[in-house]
């Protein structure tokens, strides 16, 4: 099979490194270009990059010379791990030039005609690209914390309707990129604030779980109350969630577990390369999921649910966990690209 | 002033060490007896105790010989830092013998005639001791996480009424005692479960904020939805809280801040020795309070509130923080003893 | 190929879990029996075991029923991850019964006729088993910190002779087993003491690098000054090492790097299943090796060297790193078994 | 007593904050000016400063308006917590203007006529200021790791002579300033490299323990082999040390302990305000000193020694610990100023 040439924007950053790692040996894609900031121009990737993952830089990519975002690119698909401070106009420019930009940056997520996709949840939102002004397209995935919450809410909404959501996150330091959080701020500490994160969780969740109508996307209406914290964990965002259902016939816990466990979507049906076999795994031990122990399983693409139980105010409460830089970032983008192709949107 | 002789039960444990530290040089109390498990019988305290605080064992106490709970005690007031696995019958026996047991253990907290006291909040509950079958008495303070939550809810309930509470905790390892949490379980990890903790928060909060009637204590009725987590923090429990008020006239944030800031209780009025000048301090920086940076201020006796803001579902959300082994445990007991004396319940 | 049936002693412990993980899908071995403490007798492995690794319990083993060390075993080869407090007599008994016990426990390491093996370094020491009084045999691997030090010293000794060694270790918490180090002792802390560790490093290194003569094993004579510390790291022991050579012609750093990099031994020559392609990897970045980033590479079987440079007192100094529960424990035992078979010592 | 007006240079940094904390309520000094980088010019200190200590900004200083290093200063004594990247010329300029600059920066430490002082060890080196070309003077204290090592070596050198030193450090993150070490680099990790640190330990130790002769300072000649590591500890540098003595009559451990314990210097004789009663405390428990538990005792001004024992190669080995931002930085400077005044060097 001929692999599609792709480029990685922001290739030396935390998310960019995950892109490089996930796309190495990918069945459908082949990295042909790496783009980083001007200070790295002309360097080999292994020199430009302060590699932070605990396996080596892939041999096939280590010596690739890094380009800058001023350079024209040949790859039709670009994966963007660009920082939000610069991503907006760069992604637009490349989309105007005809590239399909599969972006993890937040800049365009809430644009009305940019799909914010979880392929298991809302692949029909891809159709928004037809409304875009670009020769190419921009496709986004959600904020990492939003990803795991929306994944879990999707089957629950379909089965029982959602009235409201309370969520508190305990987020890993790798979610802040590198250098990111100073050690002096987080060692033996909790920072009860992450700029913009609560707003993203509240808005992006509504967009992802919204529906496509004649006039575009109609967001879901249930309110989300989010409180976001940084904790001294390397990888994995843990979330405590209370869900209040719309249905008057309150489901019992076994029924909720069944709905979550049996959930499947497009990536599973089409057997996409990066798809987890089962998007949501419910753990029954009372002290799981835990980021250190669970988040690396199944290539970091699974969303874990644990401590499923009745809530004294809402209907159920539970703990949700996912790998923030894989399923919550680079892995989400890669799966988005696979789904985009599987649905014959590409070439645009 | 003659200082009242006191004993510490469970003197070598994590809470016991805080008792020893807080009672050293106390204006009203003087430690005359230390009680620990039989394996330490006859040892000097400095040898019996694996001292974990970051200042030295007080000189006045280092060489005191440790007794066991089978020994008769001369001190009229006993501070109990006993582990829940043994505290129940030992505390009862001493109370029957005429001692006033000021306990941090959970065993008797929910007994109908045992007061569960925060002196700023419900000093009138001390009157329950008159219903006790003991020649002495048992007085308890709450679970550490409950302490900070109830402290904050008390003035809010008085001003606006409470309809419901959602709380998620991020609790320090020192709350589990020693040896407590294995490092392999918590380094770079979150454990989303603490046995019995959620139930304690849900029930103890209702008891503390309940009212004394002719037939005894009537618990408050608002439901509490609690989700408790252990995080890699040494001292300080952080809690994210959403409060829904009863009052139809929703207060604005400035009014809520004012109510919290101006809250004072018996310890402040009577200028009790261990009382913080201001029981609740509201911080305005958007990333505070933080356990490492705030929890040691004002001798660990203050409850901090931060990130006070409107909630999309309930009325307000905020972050609450307190020192779990001081205000949430040993310091709470010591302040209870001071209040008990100030209200002339002692000698019983 | 018929796989040899093996058993794991101490199968539920930290090292035992690594045995289970490494032996699952092993080309030569097949786990047929799991032995744990009496309190787990009759339980399925997945229930008996508090599994701590960040992948799942292998399916093939999850439901195996756990035996106790009183039970007779059918497997000819037993891997022992038993705790030192019980390993001694149990291993002896099984060896008398005819089993080959490949042990990670320290009890028999210094027995004169028990080989203490690193297959790259001293495979000729296997011949000591002929002096053993057992129908079977006991084969041991070294203490984890000793492993990485001895691996690095072996080629240096061959090339330049060793006059003396100064080593300071910074050891991971997983080296202390589970529950092991209490979090209250190690969070944001260093414990400058590990019971027995310095003596092991000083003595085991001399035995491993010793030579076999007519009268048995003659230990190497160079003195080792070891200082062992526990640090808040999950996996991976880091060691700072100063080496003083015997040779009067002091080698330059490039020559030392070459000697380390080109070192190969029996496992590489025989292409043993668990052998790293290259036993020692020298890293050139000035801030490597680092436990979190390097220790999981190459299946945890490599010893890393970094910061190779001249020393103002001895000849060279460097940093050494290895995975303490894999190459430093279970992986070492598995490789020992593979080497034992490759050298036709098995069946005994 | 009239307190001498002083200024703090680099007042908002990690060391600057410790200066502010230590000088608040100081018996001899009164902060009248705070100097920070131009971006903070004109701000109040509490706004300019991202305060990181776990008590509050002193009230007396919180509202002081911050100056820049271009401003003329009125205080005769300046405490410099400036970063090395800028300290050199700024300190020189102020010294030329007549100020006494008491500096923690490394820039001028190795200048031949700049004294590098530990008041307990080499107060006679203050006389070097007479050789300086400044109307004022520059006085420096050592690198933090050097401080604790030199303190311990001073009495040992006097008693037994020093032949050589091997030292490995495990250094706290607060030693790297703020933002300093990224959390992604140090959580559950060791970084076996700190730029320039080993050279500083090797050279500064020789200067401090050198002697003043007719032609200036003659450094001590014994070689120091240093290996420096960063570990996930908030405050406190731990060092493993092997000392080889010159004396042919090797002292026993009790004699070494006695020499260390009985060591006193100028700060103790003159009862200087910031002086610890005893500069070196030897701990006898086999797992001490530990940074989290010991480093905050006695106001962070003590150097702790533990695990004093014979070494198989050199004469003794031991563990050394001190508070890197107090005794190892700001507290060292403050004590230097007190000693400078006590010896009547001031006013210059």
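Note that the chains are named A, B, C and D in the order they appear, and that numbering of residues resets to 1 at the start of each chain.
Please note the rule applied: a contact is a pair of C-beta atoms (placed from the backbone, for glycine too) under 8 Å apart; a residue touches a chain by one contact, two chains touch by 3 or more.
The structure presented is a predicted model; accordingly, all values stated were derived computationally and were not measured.
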Chain whose average C-alpha position is farthest from chain B's own: C
Same vs different contact residues, chain A with chain B, by half of numbers used: same
Centre distance in Å when chain C and chain D are each reduced to the mean of their C-alpha atoms: 41
Shared-contact residues (touching 2 or more other chains) in chain D: 52, 187-188, 232, 234, 292-293
Chain D partner contacts - residues on chain C that touch it in the complex: 164, 166, 168, 170, 187-193, 202, 223-225, 227, 229, 231-234, 238, 240, 242, 286-293, 306-307, 311-314, 317, 319
In the complex with chain C, residue positions of chain B that touch it: 14, 52, 173-174, 178-188, 232, 234
Chain B - residues contacting chain D, complex: 52-56, 187-188, 234, 292-297
